[in-house]
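My structure is below; once you've seen it, I'll send some questions.
Note that the chains take the letters A, B, C, D and E in the order they are written out, and that residue 1 is the start of every chain.
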Amino acid sequence: MLDVIWLIPAFPLVGFLLILVFGRRLGEPGAGYLAAGAVLGSFVVSVGAYFDLLSRDAEERSHIETVFSWVPVSQLQVDMAFLADPLSITMCLFVTGIAFLIHLFAIGYMHGDPKFSKFFLYLNLFVLSMTLLVLGENLLVTFLGWEGVGTCSYLLISFWHTKDANASAGKKAFVTNRIGDWGFMLAMFLGFWAVGSVSYVALNEAAEAGSLATSTATGIALLLFVGAVGKSAQLPLYVWLPDAMAGPTPVSALIHAATMVTAGVFLMVRMNPMLTAAADWAPTLIAWVGAITALFAATIALAQNDIKKVLAYSTVSQLGYMFLAVGSGAYVAAIFHMITHAFFKALMFLGSGSVIHGMHEEQDMRKMGALRKFMPVTAATFIIGWLAIAGVPPFAGFWSKDEILLFTLAERGVVLYVIGLVTAVLTAFYMTRQVLMVFFGDAKWGSHANEAEAAQLEVTPDTAADPPVTHGAHGEFKPHESPPIMLVPLVVLAGLAMVGGVIQLPSFGFIPKSWQYRLEHWLEPVVEFGEAQIKDSSAYGNKELLALLAIACALAGIAAAVAIYSKKLREPIEPEILAEGWRYDWAISAFMGGPGRKMFDAVAWFDKTIVDGAVNGSARVVSGAAGQLRRGQTGNVRNYAGILGVGVVLLLAWFVIGRGVL
Amino acid sequence: MTAVVLAAVPTTTYYLVLAAILFAIGAVGVMVRRNPLVMFMCIELMLNAVNLSFVALATRFADIDGQTAVFFVMVVAAAEVVVGLGIIISILRRRPGVNADDLAELKG
Amino acid sequence: MSHAVFGQAQEFIAPSIEWWQISPILALVAGALGLLVVGALTPTWPRGGYAAVAVLTTIVAGVFTLFHWNDIADNGPSTMISRALAFDAFTQFLTITILLATLLVLLVTADELYRTDNDGPEIYALMLVAATGGIVMAAANDLIVMFLGLETLSLALYVLAASDRERRASQESGIKYFVLGGFASAFFLYGIALVYGGFRSTNIGEIVEAAQADVLLTGDDPMVLAGLAMLIVGLGFKVAAVPFHIWTPDVYQGSPTNVTAFMASVGKAAAFAAMLRVLVVALPTQRDDWRPAIWVIAVVTLVVGSALAVVQTDVKRMLAYSSISHAGFILVGVEAAGHGGLAADNDGMSSVAAYLLLYAVLTVGSFAVVTLVGRSSGGDTSLEAFSGLAKRRPALALGLTVFLLAQAGVPLTSGFVAKWGVIQAAVEQESYVIAIIAMIAAVIAAYLYLRIMVSMWLREGAADVAVEPVPLMTGFSVAFAAVFTIAVGVWPQWVLEAADEVIAYAR
Amino acid sequence: MEMIVFVLASAMVLVGAVGVIVRRNPVHAALSLVLTLFGVAVHFVALEAHFLAAVQIIVYAGAIVVLFLFVIMLLGVDKAEDLSIEPFPIQRPLAGIVGLGIAGLIIAAIVRGRDALREAGEPLASDGDQNVQALARNLFEDHVFAFEFTSVLLIVAVAGTVLLTRKVKKPTAGGKAAE
Amino acid sequence: MLAAGSSSDLAFPILSMLILLPVAGAALIVLLSKRRPEYMKLVAAISSVATAAMSVWLTVEFDRADDGFQFVSKQPWIDQWGIGWHLGVDGISLFLVLLTGVLFPLAILGIDPHNDDPAQDKPYFAWLLLLEAGVMGAFLSLDLFLFFVFFEIVLVPMYFLIGGWGYERREYAATKFFLYTMVGSAFMFVSIMATVFIASRNGVNGITFDLVEIAENASFATSTGRWLFFGFAIAFAVKVPVFPLHTWLPDAHTQAPTAGSVVLAGVMLKLGTYGLLRFGLYLFPEAAHWSRSLWLTLAVIGITYGAIAATMQKDLKRLVAYSSVAHLGFIVLGTFAFTSEAITGSVMQMVNHGVSTGALFLLVGMIYERRHTRQISELKGLQAVAPIFAAAFLLVTLSSIGVPGLNGFVGEFLILIGSFGTARWWVVIAAAGVILAALYLLWAYQRVFHGEPDEANKTFPELKLKEALVLLPFIGVIVFTGIYPKPMLERIEPAVDRLIAHVEDRGGFEIDRPTVIEHESPAGEDDEAHDAETAEAGE
């Protein structure tokens, strides 16, 4: 099966091409099914590859499949080649799996959209890029996927491009990502010049063998991290992700929660030997960035009222966790959290999509409430997701988060651990707030039924593709449950969010030995850093205690939220500054619109006035001088004789005085 | 004193210096006079200066070539006068009393 | 030795006169005389008769010259008639140049004269005689002979400049040219006298002998240097080198256009030929003295000519300034020739010769178009008169465009070959600075050509401009010049080969 | 004696020359020119160029100046030129500088070049007869081409005069009257 | 030994035909009656398509294993000066020739000049064909004189195209273009001759303008070489254009008719970069290496400065023009990095830029045809009314931005990665320029295509079939070379390697190469497999 690993990207490619050519003819829902089918094909191949790998010895679990030579110049020999190893196949599995589910969901969600087939065109292109990203044998193929997903993200965020906000968000995402790509590219260059290759194997082996200078390794690691910061929306480049919610909700689920944004984490894990070889402060820096991002985003999420914005900031926060893990050496935990997060966050995004769908494009949580009665399946699955993210055992999120915190304490000390813990409290709090506002309490939409829709059409037409077309036919406003095709993915994801934790259970006494650290063992060939490295730390010794502490924090957060938003024991504190995201975005805009713009204007002015001015100026000087000179040509013959005479004298002077014997 | 003067013989250089002065006077004349005919006369002055130089040098070198050259200069001067006066006449006939300063329509 | 010994009776030895070798001159003079005498005797000739005779004369002279060319190739250069004239490739090349230009100008002149009904033998005769003067200048092996040639050419040109007697501009240009020309001639002549004072001879061959002896023994002679300065003044005037160019724009503009063409082609070629004779052939021993002067003059000429051309509004005047700029270019070649060295590795002279030939044809072509445009617009040759020419007369516009591009030095035209030649010569002598200045000046001048082209191609002309048919002979000379321009540009080999021969000169 | 002749003749030359450029009336200027020409002729005699002296008187003073006077009379341009006004203020100083420059520089060259003047050959015969003979011999042996070529120059003069003074034909329908 | 390169035994003078065919077409057009304007385009199309076919054939016949000049045609021309009609093509020029061959028929077929008077078609097509001949000639010449002739001659048709069929300020733009370029050429003019003469005294037998002869045999004193190099370099720098000599370009591009812009951006600017490579590096390795810091700095300034200036443009065409300044900065950067990767990337980027920017100008031209404005502010929401058009535009934009998988990326990437080792800090800044490219192009795209279309733009017509057919080759190339650049790279690289070997040999310096850490892994085997594969291909 590994020989046909190229089929994984090939399926979506074919799907993409078919929809490109026949998209309009296929129409709805044909295009959707075709796209979903293509992704399913990839998933199947991934599963096959998984079992193939599984059947090999641990040392043999790496296979390179070269499709063709891509950029062969001199020393730089880059192949279009795929690396099948536990890490990439793991990624493939969950990427294609979730992608398939989301494709299904989208068939329902995008129902009636005039650009239905185009949506799936982009979606398949995205899956293609994403699989290239994770399967790439070298940094360049990964970069191809990396930029590819960025481009798809751009296309999908600005999918409803007639709204300026959507278009801006798409552009913002792309450009911000590009800042990160700058780091990625430089890392590649540095790697190439240090090792003579950009393939992962060569680079990682060089790092492991210690044949790289520490400074080089640090450079590569940090530059890759810059790339990861861009792609995975960490401070200071996270700004694009909340805006990216302008895209259709399946996009948010797939790209901006489950897969693309985790690419940065994947990359860091992929290159983990480089991090190990780097100077010590490099992983510490990464951990700090991750932790601060996690906390920072969590605080912002506290005060958001847009159902998707909450999830977006939550995503940023969770990604921060993953980087905290990476920086703490918990690579497996990072991957683990990536997977569980993919499950529950995709679930919740889809759930929110279902809610939005059911609420006729309403996204403001203050206008929701009590939806559990109208959308029981959505509500149930959403609640599972909520429990997972809040860190309530035995849901998936608890296990992964717990492991990250364990490693953090063991490797990076108590400060970061506390930050992580506080973030966990906040996470539980704001997620509970969201659940309460959306599904519980009083229905706040009933009172302003139709005019609400009408008003919302004009005032906050956030994601309105073309509401009148989708739901305009409804005579009266009443939330409704989504069609089965949307619910099936929800249910499947809810199941995964519930039991996803089993792939990497900690070594608690009550858990059978064979169930412990399965993911870690599986990833062993790729990630050598694991449980063994922290075995001697005191934190490891008290891991059960720490787990209890984490549970306590989660429950505390939930309790507080219930107290405030359900029992109304206290007025909610939602400071303006949090709602505005600490004004970070505002500051950037102010800078770009102010001094930045001035700088650009200055360059344009410089170009026009100085550079071009010099050119035109020299022309003017010539004609000006000529104009002056021209006045010597008086037309008077005696003047002419005088000028001639002057010439004679000068010439004579040269010959007689200059050259003569005088 | 007188004897000295009488005994002195002007050398070739004397003639050449005289010729140079004459030439310069002629050149100045072309620059300051406005009547085309007079300007023309000044050119004749210059030619005479040249002739004087030639003859003085011919004598100094005992070389008849210099005198021959003067002969040709005279021919040229004659021809030039004919042509020049022809042009002047053809202009003055149509624009009587015009002087060199008036003929300045072409310029710049 | 020319200075005979006096005091005793002497047999008169008649000098041998090489009739065959001066046959082009004889042919031209005969043609001119024929025109004048027969023209005077039979007042009414058939239309075109004068022109036909004149053209025929130049062709005959040209054929003779071609024979001579081969002669020299076989027997090497020599001098003629008591060493008064040089019979060498340089002479023949310039003779061809002058005759070709004269031929083309005669064709244009014929059409011009019909138009004003001024057809008469004199103008043709004067042109033939002027060409003779030019040829003599180029061939002169004696400064006195050169002076006579120069005067012949100049006097004829004075008259021709003033020949459109009813036009005030023509009158003005005639008198200006005459006064200043006489003034400059006087300097030239004085220069001869001073050189004579230095070397005791006016014969170039003897000057060289004397100079080689003198300079080696006693170093520079200030009198010679002063004479040299004066000679440069006289020749600089004729070639229109700054600051002795001052007459050029006015005279070019004021003269009848066909005469302007003649001045710019024949006059310039002859003057440069004379300049080479004086500076390179006669006074190579003084080259360290005159080369810097020529350098400065060349630079100033290039810059002033090009820059002033840019601010003009009259096309004739523009072309006048452009001819000044071209003179600067040729001076670059002269400067290069002044670097000495073996003839084989100094292309200065040949590049100048080639430039003169190519430029002569070009400029006649340009002015020929101007005559036609001036005709449609009632004598107006301002830039506006050229507006929309491409719409009215595309062929004519194309022709002028070819000439202008060539003057700008665009490749695949003769102008490029010419520029290439002189710049190559300069660079060969490592005169990089002057080469670069020349090229920059060429860019400035290019603006001028572009302006004319813009006018022709991109501007709308006045609606009421009459579209006169192109007269046959002018059309022919424009076409010939254009084809020549392109042909030489594409296949310059033969011109260059011929020009390379001019290094074999006689003294 | 020779010195006295020289000084006197030089005085004639210079006075005449200055006269040409300062006399306001062209007729007076022409007469001043005659004075100069005579002075030059005297010098020619002193320099034993007898033939040229004669030609100088006959052709120059006799023919050319007469021609000048004739034209002045013909055209009636004997009106005095007002030399007190100079429309170009710079012109006269410029002329002065140029004049001084030319004279000064050439004199400098001559004076410095005196030592370099080539040695004389055998002295020229001092009587007029032989002078004419020598000149003739020189003319027809060494300068025969130049001599013959002067005829071409004269053709120009003739043709030019004819052209310039010929009556203009009335422009016919086809032609255009010039401005 | 690096001899003059092998000439294939092709009896057919294909290179000469590439130049002469368009000339013949132009001549035929000139001879045709003005009253039959409909034939003009036909003749132009036939002759340019024939040229294109021939250039394709050339590419097919090209022997990729041969690193020397192929199809060499060498005839004496001006023996007097040692000038010959010496043509040849190697990996560096091959694709530029192909690009020229293919771009012209597209420009001729794809865009009609906006002539009020059909009679004006005649000069238009004649000029275009002459332009093609000139550009072809410049890419094929192996003789300094010949090259200069072609280098200069292209100005004339371009001048007339801009001046005759351009927009509002065409006279100004055309004149500026002509004169500016001529100033540069003035220096090259002198430099060429000096090179020849100095070479003739230092190693070359007699006077010859033959490029290969001089490059292989002449030795220049250090300072002489530097002077000469700068003479050449100024001309090329103007043509490229390198900051701060670029200001003619926005004017010329903006005012030129669409076909003119396409050709100008597509191939004419490459004369500069190609010249730097072919003449600058080849003839004066030492000088080029010595002055590299200057060039790298100017290139990087060009990249960032061009991008920033582009961001602030209000005119869409002008924006694209400034983007050319930025893109060509990359090419210059790669050229002066001296590594095989970088120079190969530069050559490739020359072609890529030609395709991408050519296509962009085409599209902008189509917008102008429809809306009669190029002002970004007057365009809005076009994607809503013309989605296919928008998609094409977006694809080309992305290619221009340098998104991987499209052609723009490969060249840019190769340049940057190749330059990193020899010009590290410049690359760091240049790579940041990539961010800016996304900024200005996407911003422009957003302003023009996104949003709700207003009244004026509501009726914007969708891409027509004919237009689509013209765009198709561009898009095909954009995608194909992005995904599979190997056919190009393997033809370019041998020539580049040979050039670098020559540069190292004559310049007397070593160029840094990446450290290679041997490792035992499948990747290593792959490398060997590569070699085997290349060797196979070589046979």
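Points worth noting:
The rule is simple: a contact is a pair of C-beta atoms (placed from the backbone, for glycine too) under 8 Å apart; a residue touches a chain by one contact, two chains touch by 3 or more.
Source: prediction; values computed, not measured.
Looking at chain A and chain C, the chains that touch each of them are B, D, E.
Each step here moves to a touching chain, and the least such steps from chain B to chain D number 1. Between A-B and C-E, more contacting C-beta pairs join the chains of C-E. For chain B, the chain with the farthest CA centroid is A. The chain occupying the central position, as judged from C-alpha centroids, is E. Chain C and chain D have Cα centroids separated by 28 Å.
Between chain A and chain E, the centres computed from C-alpha atoms are 37 Å apart. Remark: chain A and chain D have CA centroids separated by 100 Å (rounded to whole angstrom). Residue positions 91, 94-95, 98-99, 102, 105-106, 108-110, 112, 117-118, 121-122, 124, 134, 137-138, 142-143, 146, 150, 153, 156-158, 160, 164 of chain D each touch two or more of the other chains. Among the residues of chain E, those in touch with two or more other chains are 179.
Each of residues 16, 23, 26-27, 30-34, 39-40, 61-65, 68, 72, 76, 79, 83, 86-88, 90, 100-101, 103-108 in chain B touches at least two other chains. Contact between chains, as defined at the top, is found for A-B, A-C, A-D, A-E, B-C, B-D, C-D, C-E.
Across the complex, chain B meets chain A through its residues 27, 30-34, 39, 100-101, 103-108. The residues of chain C lying in touch with chain B in their complex are 2-4, 6, 144, 147-148, 151, 155, 158-159, 162, 165, 168-169, 171-176, 178-179, 182-183, 185-187, 189-190, 192-194, 196-197, 200-202, 249-251, 253-254, 312, 317. Residue ranges of chain A in contact with chain C, taken from their complex: 619, 622-623, 625-627, 629-630, 633, 635, 637, 640-641, 643-644, 646-648, 651-652, 654-656, 659-662. Of all residues in chain C, those touching chain D in their complex are 2-7, 10, 12-15, 17, 22, 29, 32-33, 36, 80-82, 84-85, 114-118, 120, 122-123, 125-126, 129-130, 132-133, 136, 142, 144-145, 148-149, 151-152, 155-156, 158-159, 162-168, 190, 194, 197-200, 210, 214, 218, 221-226, 378-379. Chain contact summary for the complex, chain B toward chain C: residues 16, 23, 26-27, 30, 36, 39-40, 43, 46-47, 49-50, 53-54, 57, 61-66, 68-69, 72-73, 76, 79-80, 83-84, 86-88, 90-91, 94-95, 100, 103-108.
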